[in-house]
Each structure stands twice: as C-alpha cells, then as structure tokens.
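Look at the two complexes coming up: chain A is in both, with chain B in one and chain C in the other.
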Partner chain A sequence: MENKRWVISLIAVWTGAIALFLYIPIFSVITSSFGKSRYFRFPVKAWSDKWYDQTLGANLTTDLHLTSFYVAGCVALIAVVLGFFGALAFARYNWRGRQFYQRLIMLPIFFPQAVLGLALLLWFTFVGVLPSWEAAVFAHLVWIVPIVTLVISIQVYGFDAAQEEAAYDLGANRWQAFREVTLPALAPGLFSGALFAFLLSWGNFPLSTFTTGADSTVTEWLYTKMGSGYTPMIPTMGALSVFGAIVILFGGYMFLIVQRRRRLERNE
Partner chain B sequence: MVDRAETPAPLIRQPGVGSLLLGWLRSPGVLNATPVLIFFLIGFVGPLVIVLAFSFTPERTFDLGAGFTTENYEHIFTESYYISFIWSFALAGLTVACNLLIGYPIAYGLSKLFGRWAAPVMLVLVIPLFVSENVRLFGWYLFLIKGGGILAGGLKTAFGIDTGTLLYEPGTILMGMIYVYLPFTLFPIVLGLSMVPRDQVEASRDLGASRFQIFREVELPIAMPGILIGALLTFVLAVGAISEAKLLGGQNTPVIAQDIQHEFTYAQNWPLGSAISVLAIVVTGILVVLVMRRLDLDRLLGRR
Partner chain C sequence: MVNAAPILRMVNLTKQFGRLVAVNDVSLDIQEGEFFTIVGPSGSGKTTLLRMLGGLEKPTAGDIFLRDERVNQVPANRRPTCMVFQSLALFNHKTVGQNIEFSLKMRGESRRARRERGLALMNVVQLPEDYYDKSVTKCSGGERQRVALARALASDPDILFFDEPLSAIDYRLRKLLEVELKDLHRTTGKTFVYITHSLEEAMVMSDRIGIMQEGRLIQIGSPNEIYLQPRNKFVSEFMGEVNTLAVQAGADGGIDCPAFERRFTSPVKPDGFTDGYLVIRPESMRFLNDPSEAENHLEGSLFNEYALGSRVQYHVSAGGSMFVVEKLREQAYQGGLNDDVLIGWDAKDSVLVTD
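Presenting the complex of A and B:
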C-alpha cells in the first residue's frame, strides 16, 4: 500500500501534537512541585525540593498511599481470579447464553461511574456494610472485573485448546494440564489484566469518593485539597503519583518483553 | 478469521439426554461464568434495584418503607435540575464528536502507518491514562490559571502579552473532557481499524476507488464496531464526569454528577438524588443496549 509520504508525515505530526497535549498538565504538575515559593507563579524564580522532603516526611503521605495500595492490590488480585474464569466463559467455551453473557458483563463498563458509586453506597447502607477501604475494593471490582475479563479474553481467543488435549493424551491429569499448559499460555493476559486492574484502581476517584468512608485514598485527598485552595503539597503529591505510575507501567512492560524473549529462546 | 469459540467444547462432551438443564448448568462455559455472574448480581444488579426503589420514596427519607411517590421525578422537571441534564448531555455529545475527529487520524496511523513504531507510540499515549484524572486536571488548572499560570506567565515573559484567565468557562470544561476521554475513544477505533484487511483496501484501489470512496465504502463500515464502542464509552463516561466541571468550571456550569453528589451530601435528599441517577441511567442505558445489539464481540476481540 503506497501511502503518500506527506500524508504519513501529517498524521505523525498530528499524533505528536496530541501526545504533547496529553502531557501538558503532567509537566505543569511536576514543574510546580519543584517551585520554591509558597504560591505557584510561572516562570519559576527559585527551584527547590523542600516540598518533597516535607511531603515524604508526613505521616499523612504514608497513610494515603498505603490505603491506595491496599485497595489497588486487593482489586488486582481478586479481579484476575474472577476475570480468569470469566474470560474462559467469555471466549473459550461455546455455551447456550454466551452471547447474552458477553453483553451483560460489559454493562458496568458502560455506566456513569459516579452513578455507580452512589448506587453502591445505597446498596451498602441497605445491606448494612459500613463504607471503608474494603467496601471500596468491592466497588472498584464491579467496574474493573469486566475490564480485566476483556483483557484476559483477548489472550484466551489466541489460546489453542488442542494443546490441552495433547497434554491429556500424554497422560496429564486436569490439574497438571492446567498448571503446565493452560496457565503458562494465558500468563501474559493475566499479567496485563492485573496491571490494568491495579492502575485503574489506583487512579480511580468517582467510585472511591462514595465508598471509602473515613479512609481516604490519594486521589480523594487531592480532590478535597484542590477544592480548598492551593498548597505546594498538592502538586508534590500529584507528581509522586505520576512517578509511581510511570515506574509501575515501565516495569510491567519490561517484564512482558523479557518474558516473551525468554519464551522465544526456549522454543528455538 | 476462524472463530475458535464457535467450535464445540473439546474437553467435556455433555450427552444432552435426560435432564437438559442440569447438563447446561454443568457445561464448562456455565461453570466458568458462574463466579462473575454471582458477583455481577451482588455488585451491579442489587445496587440498581435499590436506587430505583429509593427514587420512588418521599423526599428526605432514608428508609425504603416510607411510601411510594413520583414527586422526585416531577421535581427534576419543574425545578432547575433538567438544566444539568442538558449541560451534561451537550458536553458529552460535543466531547464524542471532537474526540472522533481528533482520534481517527491517530488511530489510522497506529493501525496502518506507524508499523513497528506503533507499540511505543501507543505506550506514550497510554501512560497519562494511568495518572489519576484529578492530578491531570489540576495540572490544567496550574497551566491555565490567571497571572501565575504557565500559559499566562509564559506568554507574559516571552511576548509581554497579558491574558486573562481561561478557567471557569464551559469551553474549558469541554477541553478538559476531550483531554480526559480521548484515550477511551482512540483505542477502540484502533481496534476497529485493525480489522480492515489490507487486501480489501488495495483491491478497491485497483478497481479505481478514490481515497474518500475507500474511506466511506470500505474502512468506515468495517471499523464501525470499534468506532461505536469508542463513541459510546466516551459518551457514557462524559455524562458521569464530575471533576472537570468542578476543577476547571469553578461550579459555574451545572452537571448531572455534581447534582447527584450534592443531593447525597449537603442536601441529604437521597430520593431526589436517586431519581436523577435513574434518569441518567435510563438515557445512557438505552444507548448502550442499542449499540450492543449491533456488535459481534467475538469478531472484534478474537481475530488473528
């Protein structure tokens, strides 16, 4: 397909411009977190990392991040287990009602999140569950399990079920076939599912705000603080979460690449 | 494009004689679907029923047994609440339209032109998605704020131009929403466009189709499921948007999610908040069902 050169360049420039647009606020946050003055003014006259010292030293920072971490960690773990079975039903087996099931479990994704959070709050009150970070885990799962199911499904579609049959023919029992054949083949999907779940939960605000109760996550704290005026701790805390997300994402990406390379080597 | 899931389950063959229902319940598909379905029932269906029930209880009650009334719905239309519906749906519609225009060329580049650069470019576009929305919107606030903001301060230092603030306008909220939801439009379109077979495009070119004809007759119809998913996802998320209006709009522009939050916190009027929610759910729900019926998820996710 001969696409004209200038078309390619034009689209590349457009993509670059939009990528830049996506990073403007992130750079703004990082810039202001290194400003020395109490109030943010651009151009920045003096730089300093004192807000980082102050933020990192505060107990509040640890508490907020630990809450966010507990929530995201539990969400990732549970979502992968549920999503794994969900994905097998979604993509692997052909059963009566599958088409309906596929559409049904997608509904929470296509649902206004603030409304979902509130509905869950009402539900928790009705059932008698107190809002807390554990309740927020449940709330996040309602939205994240369908997403993880989709992510793992993509891997399941590519899985050749004949491999499992071959394992049975060679004398493997159910558990062995699962552990030695199915699980390794689906591992990349499970891993990206967990990564997605963790990061989506880490950054989530609309569901957390209704369901965490007295516990507070990083994003909730930021929202409350932003409403009540500027302090240098806001951009600093924001910048910390930016660094965290980048480290996790790149770590995950590298891990996948190394895994793939190792698998290729083994197959040669 | 063989659909693997359409082949019968290879491991356990149900005889299908005798109790058909029991056989169905024990088929591997149903067994695997059960955990998710139970969770779905507790975590999604239950809450929806409760919201629906609450929306019919009298004003300012916290108890389902307090009686039945439709006055909450009447309030939405007689008082000013419907204005937030107009704002939210208008903003969401505009967000979808802008994102389709912005996203389509990028999606085309990612799926057809960039080749081995597609994966790293994709990663660059994905990373901001994983930074909390609130942090990024706060970044826009810092960028746009009057006097000391990066845009105003930068322009003043570089060119000596004095600009007012761009904050607190409906246009700024729209920009914020375009910004936050662009990836949600973009990636489904990439998925849809990658379903367009190269041969078919070339064949139509050989037969004398112009670039625009190829776009309209070949690419657009085949990529439509992806485009629809992207548009739908963006629309629904934008209808539920809450931080954009608060952080960039300074609460000058009312939106649905803020009304709901207000009723549940300051106003302590759960029934009215529930009624607003139900109305929002019904409108978005109708759209979702209409689009979902047209989709073949197996083809969209399972090709290769």
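Presenting the complex of A and C:
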C-alpha cells in the first residue's frame, strides 16, 4: 500500500513536469501579451493591458479574424459533407477499387504543405482563379478533406450496418433509414470531423500564405509581422485568436447541447 | 391446421454470389403458427436463406410466396415480416422505448399510441417499465435481447425471423431465453422461423426442424424424427457425439464391419442399402459383464471419464477407435481407468445411415 502511494505520487510529479514543459511556452505567450515591455519577455516584470487596447481597437484585428473565420467555417462545412460521403465509400461499402481509393485519399496528407500551397497557387493561376480567401478554402480542403474523411471513417467502421437493414425491415424507406439511423449514429464522428477541420484551417499558414492573395488570415499576419518588425501585438493577437477559437467552438458545442435538450424535452 | 395453405412457401429457391452457390434449390412449406428452425453449420447458407425470406437479399432463381402472393421483388420494408438479427442491430443512439416503437414511428402513428403500445410490449417481454427512457447501450445482454424482440413484435408481423440471436449469450441465460421464446411463440401464436447452428437449441424450441448442408435442405422433420432417423452421417453427427462404424450389408440380413472383422445384427435398413455407417448413440451403449447381455459387443479398455453433472461420459478405446458411452450418474461404471471392458448395444438402438 505504502509502496503504491509512492509510485502514484511519482507518476503525478512526472506528468506534471511534462505538462509544465509543454505548456509554459503557451502560457508565456499569454502572459507577455499582458506585459508592458516592447519585447517578448518571460517572466513579465510590469503588467499592462495597453496592447489589448491597441489590438482590439484596430480594424485590422476584426478583419483578420473574420477572414480566418470565413475560411475555417467554410472549410469545416464543406469538409464534413465531402468527408462524410468519402468515409462511407472508405469504410461502409465494399466496391471495386476501394483499396486504391483508400490509398489515393491519403496522398495529400503526406505532401509537404508549403509545396502543396505553391502547386495550388500555380494551378489556380493556370485555370484563372484569383488568389483570395475563397481560393484558400479550396486549398485547405485539398489537405483537410482527407483528414476529415479518416476521422469520420473511424466512426463508420464502428457502425453495425445491420442497423440500416433493421430500419428497412421495420418499415423505413432509404431516406428514413438515413435520417433516423445512419446519420445520428455517425453524428459524433461528424462533430469531431468538423472540429478537426475548423482547427486545422484556423491555424494553417503554409497553404494560406500562397493562396489568400490580398486577404490575410490571423496566422499569415502573425508570421509576416514576426519577420518584418516585432510588436507585442503579436502575442496579443495570438492569444486573442486562441480565445476566439475557444469561444466559437465552445459556443457551437453549447448550441448542440441546448438543441438536444430541447429535442428531448419535446419528446417527453 | 397442418393441411391449411402454408403461410410461407419456397419453391426451388437459389442464391448465387458470383460462382458460390449459397442456397441451392430449396423447396419448403412453413405452416401458419409453426415454430420452424433451420439448422446448419456456418457457411451452410442458412443466413442467406433467411435474408431472402426477409427481403434483404433477392433470389437468383426460384420463388418465395407469402400467403400465395409471390414476393421475390418486394423489399424488406413492405413485407409483413420482421427479423431479429444476430447482432440484434439495436439503434444505439436511441432509448429502449424509441427502439421498440421504431416501426410505429415509420408508420406515422401518434406519440401517445406509440408509447402505449411500447409499454405493453415491454410488459410482454418482461422489461420493467422504467426502462422506457433508458439508453439501450446501458442494457445488459439479456435485456437487449428483449428489446430486440419487442421491437420486432411492435409492427405485428405475420412471421418473425430469428438469425441466431442467442449465439453470443452465455449458457444459463440462453437456456432461459429459449424457454421464454417458446412461451412467447405460444402466447402470440405467430409463425417463427429460427436459424441456429445448435441442433440442441432447435430441439428444445421447434415444431419442425430443417437441416442444411452446403446450401441444400437435406432433411426436414420433427425433432424426434431427426433424432431417431437421421438421413445421413452428417445429420447423425450434427446431433452431438455419436459412435459411427463403417459397415456393409452382409449375407443373412446382418451387417459386416471390416474394421473389426465382425458381423453385427442390423436395424431396419434404408431401401437399397449396400454400404454406409452404423450409428450408436452414447446413451444406447452399455457396459457388459458378459457378451450375452447384448446383441453386439466390442472389447476395449476404459480410456477416460468425464462428469457431466447428471450424467457421466466414458471414452472407451477399442480396435484403434474411441467409443463414447454415457450413463446416468446413478448407473456410473464402478471401476478404474485402463480396465478391460466390454461394451455393447442392441440393433434396435442403432441406426444405419448412408454418406
């Protein structure tokens, strides 16, 4: 017993140390955004919220976040729809060429993103698409749809196809079986797929930098600014972007929970 | 009732998947209210046959008639039949009540009518009422069986199909559910078509049994007929452990067993019997003190014994083969392993089958 307590406390210390090591950089970015100094310092000596005043006051901040949000929102929506049908083909049905398809779909994930971004820019120019945030949506999709497909596939693999047959057998037509059985059973996979898509797009730099053209996302601005002249607005913007993503995702999650509550209450 | 028009008729029913013939020329009539069980090892085509009857698979050739109406092309959702799947296929994201009422919801029945019927069915399958709002994922194995059963009964189908629903359940619960299923068959009066790989399970529940082997229905009969008059070696061995001896029809009405260079007295021979197998059930085999106590005997030695609760099983090694003898516990063999023993049987307790 004594011995066991020892082991448990050792594990706790070890885990704490790892977490500290990994999270201190993130934590330091957030603290330095509240620092008075013009430079990135840790620990912070004097505190101030002036960088927040400056950042929040700038139109730039809203524009950057809106662009990031448009891109990530569109990517999440389209990727989930494509990924859902892609995952059904990937994991639910057996068809000629499925193995080839399963390998083909992985290809973009292995491709270095910077090269992929450049290739896409050249391709867009060739077919006459002007670089813009809409073009960036397509670029992100090339890389993110395969990932979302894989994420949803995991859920599809765990789905007992006999459930669909049972629905038919109990009088459902194809559409009813889909709406009543297949879709709700796969919903958790769709949710995590959307989450992945949104976050991967929100934080993406290499694809955006080549394809957004005149539009700029938060990550692009951060990177450019770091290269061309550091200002404490960088950690501030970074922190804001993290808060923003948390608010959007948490808000979306709450919305789903409230919806489900309401549906259950209606069923009572 | 036996001579009424069958509720379900299969005529030369065949299903091919590519070059594989899963179901081969099956013709069978099932009577209204019957508990019919199709038994076969895995890969014998019994599940494919059931899926065709339920409308989940289309026949390659042959016809299916439901009350004299040809239903080959009628999809599952328009057939007055319902299936309990091997995996049960419960809707895991729904509650017990929602699962049971699914078919009623598809029909557009009101929420109140659905709830009323759902609760009534839960009563029929002995599920407590407060399970109505419980998630099916929180139910135990036996409770899930009951939910699946109630769900299948909800649409009031003419025929219920069962695709080995008890195969993944532990022995004691399975025995209990077998009895409940048979009782449910009595109380509902519906036609049950059940498939299983366990002839023991089939014997307990069924009015009639059909044995399937490699896509063909090779014997149909009551549990007693199948038990007492298996048509071939496959059916006799499917019953569980039996003793089989390769034999030929001999002179003066006896049968010759080349392996033991013996002539045994013969039970009733099938028409035109020349060679085949003599089957003796373990419980028909006796230990003898003297060869004169039975019509036929063999000398061997007691190799091992196994306690089976109410019975004891013995393996006796004789002439290079192992014979199984089973006795009630009260009549257990009094002696030790490696004893030289005499085992024997009477012709009336044996059966002749062909390959």
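The working rule: the second predicted complex is superposed on the first by the 219 of 268 C-alpha atoms of A that agree within 3 Å, B and C clash if a C-alpha of one lies under 4 Å from a C-alpha of the other, contacts with A are read in each partner's own complex, and residues count from 1 in each chain.
Quick note on the criterion: a contact is a pair of C-beta atoms (placed from the backbone, for glycine too) under 8 Å apart; a residue touches a chain by one contact, two chains touch by 3 or more.
Remember, it's a predicted structure, so these values are computed and weren't measured experimentally.
*Asks:* Return fit or clash for chain B versus chain C, each positioned on chain A through the superposition.
*Replies:* fit
*Asks:* Which partner chains sit in contact with A:I11 here, chain B, chain C, both or neither? Use first/second/both/neither.
*Replies:* A:I11: touches chain B, not chain C.
*Asks:* Just to be sure I read the superposition right, which of the two partners does A:F85 touch: chain B = first, chain C = second, or both, or neither?
*Replies:* The answer is first: A:F85 touches chain B but not chain C.
*Asks:* Tell me which partner A:S153 touches in the superposition: chain B (first), chain C (second), both or neither.
*Replies:* The answer is first: A:S153 touches chain B but not chain C.
*Asks:* According to the stated criteria, A:V247 is in contact with first (chain B), second (chain C), both, or neither; which is it?
*Replies:* Touch status of A:V247: no partner.
*Asks:* Taking the superposition as given, does A:P108 touch the first partner, chain B, the second, chain C, both, or neither?
*Replies:* first
*Asks:* Please work out whether A:L116 is in contact with chain B alone, chain C alone, both, or neither, and reply first, second, both or neither.
*Replies:* In the superposition, A:L116 touches chain B alone.
*Asks:* If we overlay the two complexes on their shared chain A, which of chain B and chain C does A:E165 touch? Say first, second, both or neither.
*Replies:* both
*Asks:* May I ask you to name which of chain B and chain C touches more residues of chain A?
*Replies:* B
*Asks:* Output check: A:A58 vs chain B and chain C. Expected answer is one of first, second, both, neither. What do you get?
*Replies:* Neither partner.
*Asks:* Which partner does A:P25 reach: the first (chain B), the second (chain C), both, or neither?
*Replies:* first
*Asks:* Report the closest approach of chain B and chain C over their C-alpha atoms in the superposed model, as a whole number of Å.
*Replies:* Least C-alpha distance: 7 Å.
*Asks:* Counting contacts the way the document defines them, which residues of chain A are shared by the two interfaces, the one with chain B and the one with chain C?
*Replies:* 160, 162, 165, 168
*Asks:* Write out the stretch or stretches of chain C touching chain A in their complex.
*Replies:* 54-56, 75-77, 81-83, 85-87, 89-94, 102-103, 105-107, 111, 151-152, 154-155
*Asks:* Which bits of chain B are touching chain A when the two form their complex?
*Replies:* Chain B reaches chain A through residues 4-11, 24, 27-37, 39-40, 43-44, 46-48, 50-51, 54, 64, 102, 105-106, 108-110, 112-114, 121, 123-128, 130-143, 145, 147-150, 152-154, 157, 179, 182, 198, 201-202, 232-233, 236-237, 239-243, 246-247, 256-257, 260-261, 264, 270, 273-274, 277, 280-281, 284, 288, 292, 295, 297-298, 301-302, 304.
*Asks:* For the complex, give me every residue of chain A touching chain B.
*Replies:* Contact set of chain A toward chain B: 1, 3, 8, 11-12, 14-15, 18-19, 21-29, 31-32, 39-43, 82-83, 85-86, 88-98, 101-116, 118-123, 126-127, 138-139, 141-142, 145, 149-150, 153-154, 157-158, 160-162, 164-165, 168, 199-200, 202-206, 209-210, 218-219, 222-223, 226-227, 234-235, 238, 241-242, 245-246, 248-249, 253.
*Asks:* What residues on chain A touch chain C, complex-wise?
*Replies:* Within the complex, chain A contacts chain C at residues 160, 162-163, 165-173, 176, 180-181, 184-185, 187, 267.
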